[in-house]
């Protein structure tokens, strides 16, 4: 007699004071002071609660958190390769489905949450992330976006902005902008191409109640969900560590980051400014953009202007493609 | 009630997986192991096997899925062949070092370049250092206990009660991922702990041969078989020389040995069951009884110490401390899916006979079937 | 059979116990150069400091009528000072305090 697999429903809340008090990501981790990804980790796990299993593909949120022989994860957690967060999560979810069905485990299906960086979600980890979405496992894939491979010393990733100075895209005489490529759009990689996915959302550490509610909404969905969370990195973007939340807020205010939900085919936007501040207001605080000329910034502005019209809809890049003539 | 069926190795493996009541299976197609997954998918679809059949997005994913499932406490199964085995390479050490029990079936296949569906052991042999137990089966019956892919043979399937006695329900250890008892699986270690991690893994491996003996004992008792845990012998009683090999070609080797014996050649066959852990002691004790050993190599190791295959070096290392060592040489044979024809075995026996007469081997590596007339 | 020096052991399968409440194997209070200081008169319990700290070093107390600072782990990033909605938080030099912690020269 097969046992029914039950999952919990987490209530949404309106006010900051109503957020759960308990930490599942406790003090005592080697992340940089002011680390954006650490904050989103704390908020995601706080919203998820104790009936949770976390996966940590290699990256900042593995190495900085789990050195040495200790972690700040109060819930069960397992390391995975940077390549396979989605696959290992599929295995854990499948195991729990069958163990509950066979009566080998009594309890509700735990939340299964992959905490992957932008590389582990859209680059080296893309295949596994997509397969999780395709196969319909009941799991949440979180992409914490610090716009680089930060753990290895800040190298470019597919979400590094145009013009971002990283150790693989340094500006120089031949390449004055440093980074010529425009970034991938992670939620768009998921939406539309994976029929089993019913909920995708973006969030930011600057809007924590929104973030936590989206985590709960995603976890309440019986199926695969994807959250793209903006997590500014003081070391990588080169700004003062006390300004992490300010940077996240400016990103939204300038259009460099859009906050929205996609649910069953419908888009809903949150925190959409009536008037967008110029992107310069955001970029001027971050030394990773210090080398850019007015011309480069204008290109960024053009891109963002087009993008904010309808976040999610692809826009033409304002520079020639890598194989095109200038 | 045990029943007899004619099954290919792949199908026999699927029967074993079903009777072992595996919880999570992860598939991805590649010749020639695919048939096992096809069988299993039918069993799951029919309700004969209650398991999660996960369609992996590649071999690396297959191993990653069972890594997660095993960590969560499920009994797992996956498999591959050839370049699929090497694509998944990154995952092998995390699985063995993470102490996660995972069963992987490899229907050996030659590695690219280019495509070659034929059998060769280099795929699995390349992963010898990753900390897994590795062994070969010779026929579908052994495949049921271990694995051999496509040649059908008679398989005696035990009844479920026997399997349940041999393989009780999987009770995972204290380090599973369970929200009721949280653990952190795999935080970083300091560089000064790296050696200790390795040492602990090495120590675990030293304990494996005894476990294998106990398990094979129990297997033999419950299923009425008579397998030696490490080395299978055929007509070795008064042999002067033996062929030493692993895997499916042993079936042909047995015929060859029988024919050669009829011709008066005192030859036998020693078949290696496990290449990891390599039964160093058992190999030394047994092979030192013979005057010559022809190691049949079914995998390649370009530029290796023997410049041929992988087994000769392991055999010679095992024999190093034996005061009276047999002559040893190796024959590259059966590579790329080639069957080893009987006349090649006869030729190998002649090479060994000549070596015995001369008191030394002509060379360390012979490419059987391609040498200029030598014997 | 082998001599493994104390303090260098690796647990089975590299599986460690999960922390409860805090991770004392990674105390980070000795990272800070400045610490946040609160003027309780000005604090309106908006909760910004509580929610924005990556290290969970501001918490509401039992009665929910004040916020409490965690000296053991605070890294001194000063996000809380920057985000305080009522100017209740300001920064002060760590070693000006009797319980000030000398900053770790080289964390690792």
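Order of writing sets the labels: A, B and C. Residues in every chain begin at 1.
Rule of thumb we're sticking to: contacts are C-beta pairs under 8 Å (C-beta built on N, C-alpha and C of every residue); 3 or more make two chains touch, one makes a residue touch a chain.
Keep in mind that this is a model prediction, so the values were computed, not measured.
**Student:** Using the touch rule from the top, work out which pair, A-B or A-C, shares more C-beta pairs.
**Tutor:** A-B
**Student:** Going by CA means, which chain is nearest the middle of everything shown?
**Tutor:** A
**Student:** Just the number, please: Cα centre separation of chain B and chain C in whole Å.
**Tutor:** Once rounded, the distance between the two centres reads 53 Å.
**Student:** What whole-number Å value describes the gap between the mean CA coordinates of chain A and chain B?
**Tutor:** Using C-alpha averages as centres, the distance is 43 Å.
**Student:** Measuring centre to centre with CA averages, how many angstrom lie between chain A and chain C?
**Tutor:** The mean C-alpha positions of chain A and chain C differ by 25 Å.
**Student:** Please list all residues of chain A that touch 2 or more other chains.
**Tutor:** Where chain A meets two or more other chains at a single residue, that happens at 67-71, 73-77.
**Student:** So which bits of chain C are touching at least two other chains?
**Tutor:** If we look for residues of chain C contacting two or more partner chains, we find 10, 14, 16, 18.
**Student:** Listing for chain B: what residues touch at least two other chains?
**Tutor:** 182-187, 189-190, 193, in rising order.
**Student:** Could you please specify the touching residues of chain C with respect to chain B in the complex?
**Tutor:** Residues 1-2, 4, 8-10, 12-18.
**Student:** Applying the document's contact rule, which stretches of chain B touch chain C when the two form their complex?
**Tutor:** 97-100, 175, 182-187, 189-190, 192-193, 196-197, 199-200, 203
**Student:** With touch defined as at the start, can you tell me which chain A residues reach chain B in the complex?
**Tutor:** Against chain B, chain A makes touches at 2, 50-53, 55, 62-63, 66-71, 73-81, 83-84, 87-99, 101-102, 104-105, 107, 110, 127-128, 130-131, 134-135.
**Student:** Which of the residues in chain B end up touching chain A in this complex?
**Tutor:** The contact residues of chain B facing chain A are 23-24, 26, 50-52, 54-58, 60-61, 64-74, 76, 90-91, 94, 169, 177-190, 193.
**Student:** Mind listing the chain A positions that touch chain C in their complex?
**Tutor:** For this pair, the touching residues of chain A are 16-17, 19, 21, 23, 25-31, 33-36, 38-39, 42-43, 67-77, 205, 208, 241-246.
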